[in-house]
């Protein structure tokens, strides 16, 4: 295998092009270009799930996953902000169980902000954003405890989850909560499918904020993502074509591709 | 819904209360642990890959066994680690234990290694050593690639690693012939692959709990990983390859019956579903 | 003092205490939940000091006299301004720093993690000296078809109408089926790991706790 | 620059340096707070975000040289690896970030104490559990630190001083077993989840079930035994359950996962860009600077 300690020229160009496509698409959308997003059932369910808690007059539980400040968790917090804004206008309480100490201040801050932007800053209760534990299973058990003592009507699991996913969602199901989950890592998705009412799969997770808020910046970014995906798809088709044409073993064409993709500077 | 309506036996097959499932599962496992019915095992290609990777480490180079597991996954990772250590000693490969993600697990791995080392008369510091738990994941790996003795500092017992006989000549990542990650924690392998294997081309193999393994098949396919032990099954297969049948095999007996129990549950649920919907149709 | 006997008994009681949650959340499981959360909070403080701050911060600053490490807690303590309305922006400043580095780390991992996987998708679709037609179809064809249909499922901005759109829609539908197969496979593959965990606990309860305890009572001989 | 950040020569000098650094930092913070209006603050936050990501990204993407740090003439301290001018900082920056992040632990602990302290003061139902929380936390903290600072014994012995023994009981008798026991609950949950989820109500569910069945049987010796009548080689060998399970895992599961992962990679890239360039306006800090 090659060395990928630093990028090679091909990676620099590819990366630059990918970034440029996304940023240009964002800028176009901000200038007012209309963009289409298809229906994503798991995400459409978020409003229904909040509505259920409102009807039943019981709180919502939201878990932003196990990771600290990372891209995955920031996306989870973006979804959280949307859910809080929905819940705030309907006077529904939402409890956030946090696992990583570095994400705790960020979660608290974005929940407070979401209440403020929904026009109900007084609705924010600091004790509803709770640090539960940084230990995976203490977090799981603590969160199950919160869910059952507060008799939550709805629970959301968005972020990076590992084995605790099934502990959280199976107990939530036994409580009769309506559950919506999303995790970029495919490994826990089967268990969410078995226990939750709606599941957001793979890239739908990153499409969530665009889909929910329809903000131009985000929809633009989503369209840009699709174009980049098409570029990757084309690259794969090209690679498969070359491999088929020249044969699988150590051919010249394959070596060239290998140098470009699997060997850095 | 129709909770108060009298249920047909078919409907009842679809709604076995959880408690019964839990109790029966526990009973099956306890029965097999006490009186196991052993069954034959054949090693898979992924397991053979790990074995071959250990065999093919050049003599001058060191193997790093990153034991990132603790009591919670010991039933799977313990037998895996033990079998891997057997393989190292049998092929006279020197190895260093370390841990990036399990501060409380490294002691368990140390006990294991010590026990196995006695069987081969291997001395600590010469044939094997334990670098202990090192905090900082990616930072440790980035630093270690450039300077191993400085980054590791002291071993598990607090002695400077640079003074261990087997560490003579070990400077940076090119002194390492193979990294074996044994873990139930997702994400650590990505550090090894992203920062060590992918960057410096150091061979990498792994042993995972069965739950994690599916996520890592792509790395096996892309040859970023030489081999992989999958759960207790991988442990049992490795035990077979090193000729030391042990705990892994006994655990497989309980596994077999627990799997059969779950399969039977799924079949019952579906039979109930099919018959209930058939009788429903007839009533209409 | 030798704590071994106490450890065995504490382990057994804690394990059984947690298992009561299988019936439902109850006073016993609640007690152990709080003990667990408390212990891990205490351990978090201990570990933060012994495994991180002492070696990385205190020793360099005090023993190596690298005085500039004093800036780390000053920046870190800015997080605490989330509780102040006036100085809130300072907390956001340090959060901004972490957001930026989170993005930076993602940029760094992008190629090492993913580009070898792209390369590994380049499977030849015809037989040659090294591989026969049966294997090409069973392995490579299926691989490429699943990969492309699954990727097509994740295009969000193309309406599934019109000639191209309908074709994409069909491909996406097929992709979803393949996803379900993969999820089923992952589920099935996990069962063993989960059963293993319970086997581990049963082994402890039987071999380390119950059987020796009975023997000590002179029951098991 | 380099001379400014030299370690202090003596302990006394260290204290002066520390005091000066603290005072200077506070002065800078107060000054920034006074001088910057809402727009200036927003700009500064965006700048810090940009620089944080820029440094880490640039180090990866800039060209490297082996003999010296590209593009300077400073010799590369480790000529075996390519490096550029930014490379020597990667490790210290990582350390610095993890130390800074470690100071958030106090916030988490404060949150826990707030919730449980209130339970106890107001005698809410279940306050005894909150008391148990405090006792376990304090016990772990006190005995954890105590046994950490006890002098290490020369020879390993099962007889240990009582604070160390207490810590062992807390750690190996409660903390670890609680983790293992909670983790092992999954054995039961996976059984009931499988029973409930795998019904052939739809084509999707049926496919999921079929794949799960094959892989489950392929995993255990029982599966191998069921199809042991088939030959190990040739076309029929493909249908031996252990081979079929492997095939499902590596040729049906792998490409599907890779399809997901490529999407995730690009979605994450877009999210990173939005965060890095502070385009994600309105999500995190909408209102004030």
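By written order: A, B, C and D. Residues from 1 in each chain.
Note that a residue touches a chain if its C-beta (ideal position, glycine included) is under 8 Å from a C-beta of that chain, and two chains touch if they have at least 3 such contacts.
Here the structure is a predicted model, which is why all the values come from computation and not from measurement.
The minimum number of touch steps linking chain A to chain B comes to 1. In terms of C-beta pairs in contact, C-D outnumbers the other of C-D and B-D.
Measuring from the averaged C-alpha position of chain C to that of chain D gives a distance of 8 Å. The mean-CA centres of chain B and chain D are about 20 angstrom from one another, to the nearest whole unit. Look at where the CA atoms of chain A average out and do the same for chain C: the two points lie 15 Å apart. In chain B, the residues that touch at least two other chains are 18, 22, 25-26, 29, 71-74, 136, 138, 184, 194, 198-199, 210-212, 214-215, 218, 221, 223-224, 231, 233, 255, 258-259, 262.
Multi-chain contact residues of chain A (touching two or more other chains): 1, 4-5, 7, 11, 15, 69, 71, 74, 101-102, 105-106, 109, 132, 134-135, 137-138, 141, 149, 163, 174, 186-187, 190-191, 193-194, 201-203, 207, 222, 225, 229, 232, 264.
Looking at chain C, one finds that residues 18, 21-22, 30, 32-34, 36-37, 39-41, 43-44, 52, 56, 79-80, 82, 88, 92, 95, 98-99, 102-103, 105-107, 110, 112-113, 116-119, 121, 144, 147-148, 151, 154, 179, 182-187, 189-192, 194-198, 200 touch two or more other chains. The touch graph of these protein chains is complete, with an edge between every pair of chains.
Within the complex formed with chain C, the chain B residues making contact are 18-19, 22, 25-26, 29-30, 33-34, 71-76, 103, 133, 135-136, 138, 184, 190, 193-195, 198-199, 209-215, 218-219, 221-224, 230-233, 251, 254-255, 258-259, 262. If you check the complex, the residues on chain A that touch chain C are 1, 4, 7, 11, 15, 35-38, 40, 69-71, 74, 101-102, 105-106, 108-109, 132-135, 137-138, 141-142, 144-145, 148-149, 171, 174, 186-187, 189-191, 193-194, 201-204, 207, 211, 219, 222-223, 225-226, 229-230, 232-233, 235-237, 239-240, 242-244, 247-249, 254, 257-258, 261-262, 264. Against chain B, the residues of chain D that register as touching in their complex are 78, 80-81, 90-91, 94-95, 98, 152, 171, 175-177, 179-180, 183-184, 187-188, 190-192, 194-196, 198-201, 209, 213, 216-217, 219-225, 242, 246, 249-250, 253-254, 257-258, 261. On the side of chain C, the complex with chain B involves touching residues 22-23, 47, 51-52, 55-56, 105, 109, 112-113, 116-117, 119-120, 185-186, 189-200, 202-203, 206.
Only residues 60-64, 81-82, 84, 101, 104-105, 107-109, 111-112, 114-115, 118, 126, 178-179, 182-183, 185-186, 189-190, 192-194, 196-197, 208, 256-257, 259-264, 266-275, 277, 279-287 of chain D touch chain A when the two sit together in their complex.
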